[in-house]
């Protein structure tokens, strides 16, 4: 794999929110790479900063109170030069969103305009970015509806969002997101509001469509099961930082960070029964993101916490293996804290 | 199996909600058949899981069992008594034996009451009614010891709900449910609003309490993995009916109903290799509306194995092996 | 954190202080007034405020002392606004809770009646009620109270509906709580916040309504002073003697402000979500 393959390079991204009770460091200096055609999982519990990361990349952080204060988001489209999404003009970002980078959100009902016909909404992006005529856009919309497995697409194209079920609406969102053949699809908890059997349909759809077009996908989720089935690479987030990033097999079969390990051990597993034993559980709850000291944010809950964990945030350490992986934990750090 | 072993017995339970049209002149325009003929029983000391997707009627079933939702038809027998036939006074007396743990740790606690008062309230009500013999000192002793037992520091007793995290709030809800010393706990999605790391804390707590207080559970969840972890026996619901019941191990090893199989295959496993090798059964379409009048098997439109006869008559739940019941024509007449 | 709680509290304190000044003035007016508020004095017609004459706020076109009339009028205004709000609140809240808690047909009927009342502008409705009941001071209380009933009914019904469906009410029911217990223990405390906001708004609007009615000649009848009829009388001579209108007007403004600040502060103080920021 060459670095040419990297389509999105995020470095040192920091986003803060000014709240009444102080400064919330929602995303506190995170870095990761996304390669062409790769599916990357961004996994963490609520408040870990995974959704804010998504918003920051697309410059959609509501401001005020939020602000991306530092970092680079380098986007490298095929055949074009590298651009820092945080530095280009508002106009340029707007064009990139939708054409090169698309999003799907958790709640498909609020993401669709209730008073516009479905075909019109799907076709909108096509007309905007590809200059299709109204008729062409409608034809393309019907074709997309068929592609995502909506029965009787000619009739359904003229219906309104409330006439669609939750699963169908999410499929429409996916059709819209993929209608312009984007380079990157960001899916923010796309199946959290859906039932498992519908979730399976949706994930299957994302997977097959992305594979067909070699779209890179950032999958934001709290569900490690979804990550295991969908992603090649995984970033685990905790308290606004990425604590571990690795290939999916390495992460699941040999987690290095105590948080990742604890998380994996806490999940009840449908494929293992008869275990009379208890689940592992990480004691305590995630920290407040206000006024965090310079320390590992996980140390109060960590069974293997050492003195140093309370004194400094661990550097990201590159571990060699089948595939290179990174972990931010003093257990694996190669050097002590800088004085 | 003799009947007196069953702590809870639900037979032919139906809960239909009328749909009204018009604002000034309201008229009934039909029914939502949220629960449409449900049978199950829970033995003393057992944990029965009700699993199914949204709209399958599992929560409505739980609320009907808890006597918080009137049943349209059917009977709910608790410790041999038909709860539906009790006078309001007797029902009040009986209520302390079955308590609920709710899903939402935010809306289930009165924001204007302190943690201590929330947990003590049931005892105070029953003490005032003269059903439970406890003075304020005794109530305080019991409440504080319950807080401790549920993993809440007693120094938090005077705090308000908003000062607790989601997991701690759920502990308050659990302590409240235990304060009257119930026999049956109806847990309605008790962990689905919580993060993974908190979820396992609460599941462990419930498991410990179950053993220590000798509790029987009716455990409702949409997450099959959670149900399988916690429960001895599982009833799978679809569109207001139970389609299959079996022990947790049996259901996992040998799921029979096509819906159960699809459900099991759809649950994502946190295991990349298994995920890559398993074959998913993808169901067509969505769950049909529970308000439509229907003939035949409720699952037939989405069923990969639907036969001609499924359109004409609905199968009944019937035992196909020891402790394994399924309602599907694939497994013979019913 | 503490400064925030203090700042919120100081709002309530300011409001309380303003209302307190009025209450003190009213109490004082029972035992002592600078002048007789209804006695005419042809020697001192439309005199400007002056220390020398003792008419601190000046005199009106009949030579009556404005300050004395404002003090006397304060008790009228305050009593009317308090009792009208109390009437509207008690009747409206009962109606709203009844409709919200029981639901069904009663809810429909009660709320449609409220809708009809609600669809009239409040002043128009008050004028209508006054026209039926007759121009008596105590009828002003009824007129304003009736205007308030649907408003309080709406607010409390809405709050009851939200709280009724919350799980903690279900939990209380499953714990054997009776409807009455749930009402007083869980519903009322939780609808208190929207109610207090409504009460403080209503108190100040009642002052304005009473003044408007009196201004139109429907409320408190001359020669007895009320802020409204003082304004009404002052309007005619405002160009040559602005104090006749300005001082009653300011009296209204400050009391309305006081009630609003008090309501705002009380809401924060009573909300445990803000209280424990200590």
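Letters A, B and C name the chains as they come in the text, with residue numbers starting at 1 for each one.
Everything below uses one rule, namely that contacts are C-beta pairs under 8 Å (C-beta built on N, C-alpha and C of every residue); 3 or more make two chains touch, one makes a residue touch a chain.
Not measured: the values here are computed from a predicted model.
**Q** Counting one step per pair of touching chains, how far is chain C from chain B at the shortest?
**A** Counted as steps through touching chains, the separation is 1.
**Q** Please indicate which chain is farthest from chain A, where distance is taken between mean Cα coordinates of the chains.
**A** Measuring from the centre of chain A, the most distant chain centre belongs to C.
**Q** Counting contact pairs per chain pair, which pair wins?
**A** Greatest count of contact pairs is found between chains A-B.
**Q** Distance from the CA centroid of chain B to that of chain C, rounded to the nearest Å?
**A** Distance between chain centres: 50 Å.
**Q** With chain centres defined as C-alpha means, what is the inter-centre distance between chain A and chain B in Å?
**A** 33
**Q** Counting in whole Å, what is the centre-to-centre distance of chain A and chain C, each centre being its mean C-alpha position?
**A** Their C-alpha centroids are separated by 54 Å.
**Q** If I count partner chains per residue in chain A, which residues reach a count of at least 2?
**A** Counting only residues that touch two or more other chains, chain A contributes none.
**Q** Any idea which chain B residues touch chain A in the complex?
**A** My answer: residues 53-54, 165-168, 195-201, 203-204, 207, 222-226, 228-230, 248-249, 252, 262-276, 280, 282-283, 285-287.
**Q** Could you please specify the touching residues of chain C with respect to chain B in the complex?
**A** Against chain B, the touching part of chain C is residues 105, 108, 112, 166-168, 170-177, 181, 185-186, 189-190, 272-273, 275-276.
**Q** Touching chain C in the complex: which residues of chain B?
**A** 23-24, 26, 63, 66-68, 92-93, 95-96, 98-100, 102-104, 107-112, 118, 121-122, 125-126, 129, 131, 159-160, 162-163, 173, 176, 180
**Q** In their complex, what parts of chain A are in touch with chain B?
**A** On the chain A side, the touching residues are 45-46, 151, 165-168, 195-201, 203-204, 222-229, 248-249, 252-253, 262-264, 266-271, 273-275, 278-283, 285-286.
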